[in-house]
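Given below, in the form of structure tokens, are the structures.
After this come two complexes, each holding chain A, first together with chain B and then together with chain C.
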Partner chain A sequence: MMLVVVAAGLAIISLGIGPVRLSPRAVVTALGGGGDAIAEVIVREIRLPRTILAVAIGAILGLSGAALQGLLRNPLASPDLFGAPQSAALGAVLVIALGAADVRSWALPAAAIAMAFVSVFALLAIAGRNASLLLLILAGLALSSLAGALTSLALNLSPNPFAALEISFWLLGSIEDRSFRHVVLALPFIIAGGAILLGRRHAFRVLSLGEEAAQSLGIDVARVRLSVIVGVALGVGGAVAVSGTIGFIGLVAPHLVRPLIGPDPARLLLPSALAGACLLLASDVAVRLIPAAEPLKVGVLTSIIGVPFFLYLIMRERRSLGGAAT
Partner chain B sequence: MSGRARRRGAVVAAMLLAGVAGAQAEATRPPRIASINLCTDLLLLPLADPEQIVGLSPYARDPTQSWRAGEAARYPRLSGEAEDALAARPDLVLAGSFTRLETRQFLTAHGMRVEEFEAALSIDDIMRQIIRMGDIVGHPERAAREIAAIDAALARARSTVARRRLRVLDLSRRGWVSGSASLTSALLAAVGLADAARELDGRFGDFHYGGFASLEAILSVRPDVLLLSEPGDHAEDQGRAFLMHPALEQFYPPSKRMVLPERLTTCGGLMVVEALERLTAEVERVER
Partner chain C sequence: MSAPPFLVVEGLGVTLAAREVLREVSFALPRRGLVALVGPNGAGKTTLLRALARLLPPHAVHGTVTLDGVDVGTLSIRARALRFAYLPQGHTVSWPLPARDVVALGRTPHGATDPARLTAADAAAVDRAMAAADVESFADRRVTELSGGERSRVALARVLAVEAPVILADEPIASLDPRYQIEVMATLRRAADGGVLVVVVTHDLGLAARFADQVLVLDGGRLVAQGPSDVALTDAILADVFRITAFRAGHDGGVVLVPWSPQ
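The block that comes next holds the complex of A and B.
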């Protein structure tokens, strides 16, 4: 409940700030479709899509993280560590580098989703069923390095002279100056992915007893696995197609709410999504407030916050990681 | 070493003769020149005799960036690196001051004469560079003819000057605005237009040498017209998609977007004549 209030508050702030200073009153009238024509366009065509994307993308990243942690019973699971955003970005980068399609067309999310699916599927296939933390992290590292290497290759070979610039910006991750066309492009996939993941919440609860126990209680573990992969791929792929890679929200969000909610993976899903939305909204507000010569990209900020958090988690899990290695 | 030194001596002598004695210098062999930078390619092409050019940079044949792509394709293509520039055995190499430092140092270290050209930021810069290039190739009379052509184009532009001092924002992909110290800004001033980048400067960051402007900043400055490098509404990447954002399209339909191809503004040279003509025609179209 509290999270909803925080998210709503942050969303309002997100509508209220930007490079052009508008009074709160001007923002409200502009939102209602009145007042100054320029203010109306700024609020409704620039800030509103940005805010909607921050909520939707943050939520799906948080939800994907919680779902993967539930599926694998593993607190270090997240789309980022599995190379899903990196692979989705590779799909999108291929479309950009080849100059094959308009970036505002369905080709972009389709390519991103396909690559995200391949990477999560490959990871779970390589790591096997009862994979240890170490194995998962190593396989994830290898996959994201592969996606990174192929992205560099695409950059290297691209006939579009601006590809290097475009791709580097893409990899930074940003939702500034997006339009409703981008919202239309991403939202259906994010909603579909989110619905699939939420639909599996009871399976996660049973899975926390262990896979054999879940199997004996009538849960088709293989099917749950596949549907989580599809859900994560749809959600993350759709998100990355418009924002580029925005990292570590999927890792951090579930950990933020776990102390409040408790360890039940089913109850954790929705709060994780809300926490993800709050995190991305807050980061996106922060990049607009932090004074810098060039505007900061939100993906840079989330990674800078996320990686130390990841290191902290590794420290905490040091014992089990060491144990898995023996 | 001594042979190369002698050749260099001959080049210097040829230049001096060309400058001082004019026609008498015809007897000495004019220098053979390699260019490893697009802008020096384009200064060199209209001034040198074809047999003087031993090679041009790879970008010279790219029609989106090069003003004389077709003509450039007739000359050997250099990689832009030191190796093949040396192997082509020119008397001197032309480079931009932004060409990789290592390449330039390597060439000088191997006894090659390297002439560096800065990026031209004004029409005066262009004229100075044309005169300098004319002296280097040994054809100052051709340089003088180019200067006269540019002067005539400037006079024509001034005579058909805009009825109203339109405020124009030169906008490229991702919201890049070329700054008030840029060739495009100088061209705008030459046809009587105001560069709206000056209005962004200070309010939304430092735009003197260019910078990225956000959509909100552009809309709040509200220039009369946008100046783009290409028309059309295909967004092959997110950077082009910026220019087709609904918020921009609403205020700037095609009738409020002037187009000046990149190949006319990337470098300074004789192409300013065509750039001024295009710009004048675009002003007339927008004002109609």
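The block that comes next holds the complex of A and C.
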């Protein structure tokens, strides 16, 4: 409940911040279609798509992280560590590098989703059932390195500087200057992926007993796995197709809400989505406020904040990581 | 036991990774009673439990298992979950959930999804299971904070909460101190007396002989003996299968069997 209020507040701030500053009151009147005509255009045409994307992408990243943590019963699971966004970005980059499609076509999310699916599927297949944390993270590292290497290859071989610029955009991750066309491109996939993940929430709770006990209680574990892979691929793929890779929100969001909500993996899903939305909104507001020679990319900021948090988690989980090696 | 057969296993074989783990296992068990499944390490005890509960890939299993005349292989995953309550070896809980929520997961096959919103019938079943396993005093504590003995009783309560006609428990007393071992076996014994068929895998031949109505002895994937402990755990079988001798006595109206020395 509190998270909804925080998210709404951040959304209004996000709509008010930019070259032209607007007060929260002016934002609300503009949203409602009243007040100053210029303010209305700024809020509804320019900033609203960006804010909608921040909410949707942050939410699906947080939700995907919570769902993967529930499925794998592991607090270090997240789409980023498993190479899903990196692979999705590779899919998008390939489409552009091959000149297959325009930057705003459906081919982009389709390729991103397909590559995200392949990477998550490959990860779970390589790591196997009841995989230890160490195995999952090593496999994730290998897959994200592979996606990164292939993206670099595409960058290396790109015929003109314009294509190279487009490609580098997917590595940084940003949601500035997005239009409603981008919202239309990403939102259906994000909603579909989110619905699939939320639909499985009760299975995650039963899975805390382990896969075998869950199976014995009537949970079709193989089907839950497949639907999580599909849900994460749709959501993360759709998000990456318009924003590039925005890292570590999926890892951080569930940890932020666990002290508030408790450990129950089913009850964590929705709050994690809200926390993810808050994180991306706040980061996107921050990149507009931080004075810099070049406008900061939000993906760069989330990674700079996220990686130290990841290191902190590794320190906290040191014992189970060491134990997983035996 | 001359009661009509309830769980009938015929020609059960399991092949995992090109290795024949169980071969031509056939037996019949009555509707109620405590059955101990014993055998040396690697004899196929866990595989047999998994095969009974249909937790193995279907192509790995041949032969038939019928429960009350119904072929278990034709049941849906949920119908099967309502009939067989399964306690896996080790039974860890990954998240620090309250003990009561863990027990409530046993109602999943009945359609309960949220431990915070149980129907009256589900809540009553959870209460009964917690009383039977004596875990009420720490119902609200997190399972990760409990001692090993307390955790194993919570796991047992979770299995009892299913209220299935068959309970399959894989080494529920391994790594417990003597007091908890006896308590867990006594709880399973009471469930059996209450009309449930309990199959429990154990390495403790003494507790098997003392608590079980019947003992199944597996060796190298085959069933080599079945019957009350004086029939299934004879000196000849102990020598053959376990390569041990045993000390035998009577105490308090029960059977005492203590593995004594290697042969």
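What we mean here is this: the second predicted complex is superposed on the first by the 306 of 326 C-alpha atoms of A that agree within 3 Å, B and C clash if a C-alpha of one lies under 4 Å from a C-alpha of the other, contacts with A are read in each partner's own complex, and residues count from 1 in each chain.
Note that contacts are C-beta pairs under 8 Å (C-beta built on N, C-alpha and C of every residue); 3 or more make two chains touch, one makes a residue touch a chain.
Please read all numbers here as calculations on a predicted model, not as lab measurements.
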Superposition on chain A - do chain B and chain C clash or fit: fit
Contacts of A:81 with chain B and chain C, given as first, second, both or neither: neither
Spatial angle chain C-chain A-chain B, Cα centroids [nearest 10 degrees]: 150
Partner chain in contact with A:99 - chain B first, chain C second, else both or neither: first
First, second, both or neither for A:229, with chain B first and chain C second: neither
Contacts of A:46 with chain B and chain C, given as first, second, both or neither: first
Greater residue coverage of chain A in the superposed arrangement, chain B or chain C: B
Partner chain(s) touched by A:275 [first = chain B, second = chain C, both, neither]: neither
CA minimum distance (chain B, chain C), superposed complexes, angstrom: 43
Shared chain A contacts, counted only where both chain B and chain C touch the same residue: none
Chain A - residues contacting chain B, complex: 18-20, 38, 41-42, 45-46, 96, 99, 102-104, 160-163, 165-166, 169-170, 176-177, 179-181, 293-295
Residue ranges of chain C touching chain A (in the complex, touch as defined): 50, 53, 55, 77-78, 80-82, 84-88, 90-97, 101-102, 105-106, 108-109, 113-115, 142, 158, 162
In the complex with chain A, residue positions of chain B that touch it: 62, 64-65, 173-175, 204-206, 211-212, 214-217, 219-220, 222, 234-242, 244-247, 250-251
Chain C contact footprint on chain A (complex, rising order): 73-74, 202, 205-210, 212-213, 215-220, 263-266
